[in-house]
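Same chain, two partners: chain A is paired with chain B first, then with chain C.
Here is the complex of A and B:
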């Protein structure tokens, strides 16, 4: 399949990109690494009139530590994260997550901001970052604003981004040496999209995420409470109950693999 | 005369590096998609998005009426017809573009042409087809219901073909006190060669010929089919298969797109091209493997299998395919279910049903992966039932070496080998005793270890009598090869088969070396071009090395005799004093190079003897083994798996293969083919499935939804060879290109069921997905709880 016709504008500044979004005739889409949007356009599932290309926009690929926050630009690739560009315990966790995304040539181009903005529920970053917590940094007509990762994704392929806004980066917590992280993905083959994700980060307080669902990834409150109370493991049976209590919509198989992912993510955090 | 070629290890049995690899590794191969011509048009298709419907109207985009074609716009293009002489066979004509009705999602309804593929797709997107939807027949078992919707209005039912053989089971009844019955399904999937289908066509006014470059295994059959369905003389069609990136069977048949490209290039007076994309392949190429089985084994408590009773249903999809029909799988299933086993009674019914899915095509192994899986899984079920190791049951029941040649109960004429020995060897390789000990000592009850195996015997290079018995219109006969000495002493070898990954440019050159001693580097192997090679039904049925290789040997021998006559004259000695040896003609009085022979024949014929063969140094010879009932390759595969019973995921920990394809021409190629086949078998066993909803909509149209085995799924195969030459073929060679796929689903399924035996769970439906494994465990748990209550 070849994509339908579209206009392509390569932007130099963020302001220019935001302005282009606002003034576009018809549907405009932001392209980061193009690893999801590209195939969707070729399959003609997406037929934007205008593609706003951020690959030349400066200032979107930085990784900076400022106190207890790590600021990561939207255009940072999975490959850079896999190669250890993000420092500390946060970086080690993200490195593990990045290494399981698709295969290397996709990781070379695919970006963390593109993944979160695209909001495919089966993708890794929406779940992995929700477990970390922190903010999404957004540029719009009125300048920059922040949204917590909690609540940013509101459904499959749906986020809190406005039509004329661009996701520019993340502000994530720098985890201390004592923090524990665990990530477990159930999928059919290495590199495939997830069928189930469990993500656990125990920093200042435990955050436990159930991901790769039909909708947005969500925090499993009962699991967080259990870990906050000092538990170092959660059985598959308990995880089933906890997940089902929050989302009764799973069929038996999906409930099982999501519970396994959660249970094993906890196991990895304490390994 | 004795073959006098091989002296320094480049002939039969040598691990010669593949001559064709350099161009692939250097990116210099030339595939159909690499062809470009000024003014060429690209084709894109409007394909049905409903499984079963009447076409009410097709509305072309305004202003582009001349760029969009339906069947009605293409006079002279006939539906593809593949007749069969099998009694009761009903084959539905396959229209290249739908006529009146559509019968599967993806069926071409109209073709759009434009300067670029993207623009052609724009036209396809803007073309509106109005359908009157009809109820779809999606499942082959539902297709049998008397009130099931009919795909073809002129049929009384949805039955393509039925075969039935019965036997008197009463004669084993008092001995066969153990009866094991199972039901199995093998899922439909797609073949997925790395290069999809592709066609480039142009009309050459100079030669008055349709020139077609197409990604095919069978260029001569494509030529014959194109001529028939486009109303051309065969002299007006030349088909060339350039580099072809895998075929696996889906390129052994005439494709609608080839017929359409042939019509369009002539009428548009422009070159046209179509490159299948992966989505088209996954939707329209979901065309293989879909079988359903009831299998009942009648055995003694000691494990002697006396009787086999099978009821097989085959999902043939919507149409019959040219030229091999969609009756092949039923005939193959019938003939191969008993495998290598010596049975007393055999009852088998096969029913081939038509459904609203793409037409079934013969995929590497053709029906045998299904029948092997059904039979071998049931043998393991018997083993569990009577508490015996299944390899002992296999070895006990297999036809023994001293019985060969042997006519099997399904009338297969086994030629040579030692089937039980392959079982014994593979059990040893996989380390059965060690695995049993590991299982006994296992502490982790969430990760269960299992071991399983599968054995088969495979008819290869079967010839005229076999294909004639299957009633197909195209029956292979004497396979021909042409050899021609060049004026400088090199060799041109022309074969009508086609090499699309099998390395024939190397193995056929090794064959010439074996006879003539000419360095394989000096042998130019030409294949896949109807203008340059002898007519051949092509590459399929694991036949090329036996058939074209045999023809090559024969042609080389005749060439050697003719060169010896010339050489004897040049050396002034008797004909009996000279012989071809090591790439020269030698005698006690000196030697003559091939280049000298070439020089004399072509350039200095005044030096030729009077008794020279006037056919010169170019020879075409035909070859067919006698009897032509096939050379029977066999193998036993064994694997060790771990089943994660929390997720249902299966991991292959070890995989061992013992195979016997008779005399091996190039062990590296044999091993590569075996590994590739086995990896496709892993796809069948664990990953690949073309799913459909109840309306016949495909659910797996991209690689996001369709899992292919890749490097991370392939184990480190361990292989050992046996070499039992066939008494019926040149050099005792047997075919082996397909076999790797055959026992893999059985071996993996048996290993899973071995792992789950403590739970009492069995998987019976491929692919053995995590969901199915967990469902099997849940069902067994429920049964146990039911029993306890």
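Here is the complex of A and C:
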């Protein structure tokens, strides 16, 4: 239960960190708060040769509203979001999601960017942010680029990030006062990784996400159409059919708990 | 090896450590502060909880090198801390420990609850304690101890 050996480089600038990724000999991993990677290294599920530490890099922990977009730095911790650092309706939704991530002593160090870049399918932010929509901001050798959250995660622990790129933040929509949000996580004990996630955000158009799958979280098209047509609830039986129609490869139990999560998330959105 | 400078329980410390050394192993094996306990070593049980810059963190999944430049408080560093003095007495009075293995982390988490959530009720205290496993007491004594301190601090 101790990590395998690795080299550690503490970065001061983002450019330096991108360069370190490019020149690394062997597998290099970026570390923010280390609350997902740390346990995986202790369990030796991850054995990077080099850890590139972003904790000193400036400019990654800001939260600012610019018109209809909220920019959130990758290194913003779950605890800050839980304490209400993100404003408005978007912030209230994110506050609820953050409060259910692991435990306070983990939320104090774990970061939103780290969670999305790590891309554990059972983690909260990959599903919760996909329901919000918006962009991921990425730094690489050619400067900054953006990728939509739609399609960013391509599988378990796999994203659209290139080998020499670093996730630096998010540009998320500022939801209006009339927007509705619901999030429901199935797990046996508060704070655990989810067995199933349902996430619903109804802003300019409904976005419904089925998460904690064995691959990437996905949008449930039929559920979005139903809500767009004015429905204010989705039964578990209907949610089962809607999810099954997208062929996620669930067994009966998985299908049931994901349908329950989706149905209850819709219920919370309209509560 | 990587150089590390930090403050532990008010004392300035400089050390040369292997990057893979956890903060928990650093305080226990290098500083002989064995009050911090290691249970699961992957962030689930909470026995290793310490304060970093005043906030509780898991020292088993925080590498020592990541604590460079921070102030760490282990269970040995709370002698003159008012909330902790009250919690120590309350844990004693409410039989909030049996074997004591979880107690150092439990106390650090309890201090966070009573200071951050001064109005917490029993449900909230139990929710917050989800991150600290106790396999002896069944939590009744621990919850009562924390609630009694919250009540005293409100008076």
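The rule is short, and it goes like this: the second predicted complex is superposed on the first by the 270 of 271 C-alpha atoms of A that agree within 3 Å, B and C clash if a C-alpha of one lies under 4 Å from a C-alpha of the other, contacts with A are read in each partner's own complex, and residues count from 1 in each chain.
In this text, a contact is a pair of C-beta atoms (placed from the backbone, for glycine too) under 8 Å apart; a residue touches a chain by one contact, two chains touch by 3 or more.
What you see is a predicted model; the values in this text were computed from it and never measured.
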Report for A:140: first if it touches chain B alone, second if chain C alone, otherwise both or neither. neither
Is A:256 touching the first partner chain B, the second partner chain C, both, or neither of them? first
Using the touch definition from the top, say if A:267 reaches chain B (first), chain C (second), both or neither. neither
For A:43, select first, second, both or neither according to whether it touches chain B, chain C, the two together, or no partner. both
For A:160, decide between first (touching chain B), second (touching chain C), both and neither. neither
A:193 in the overlay: touching chain B, chain C, both, or neither? Say first, second, both or neither. first
Contacts of A:88 with chain B and chain C, given as first, second, both or neither: neither
Which of the two partners, first being chain B and second being chain C, lies in contact with A:3: first, second, both, or neither? both
Who wins on chain A residues touched, chain B or chain C? C
Where chain A meets both chain C and chain B, residue numbers: 1-5, 39, 43, 189-191
Chain A touches which residues of chain B in the complex? 116-118, 121-122, 125, 277, 279, 646-649, 687, 702, 704, 707, 710, 712-713, 769-771, 774-775, 778
Considering the complex alone, what residue numbers of chain C touch chain A? 2, 18-20, 22, 25, 40-43, 46, 49, 52, 55-58, 60-63, 65-66, 68, 108-109, 112, 116, 127-128, 130-132
Within their complex, state which residues of chain A touch chain B. 1-5, 39, 43-44, 186, 188-193, 195, 236, 252-253, 256-257, 260
Chain C partner contacts - residues on chain A that touch it in the complex: 1-8, 10, 31, 34-35, 38-39, 41-43, 51, 53, 55, 79, 102-106, 108-109, 189-191
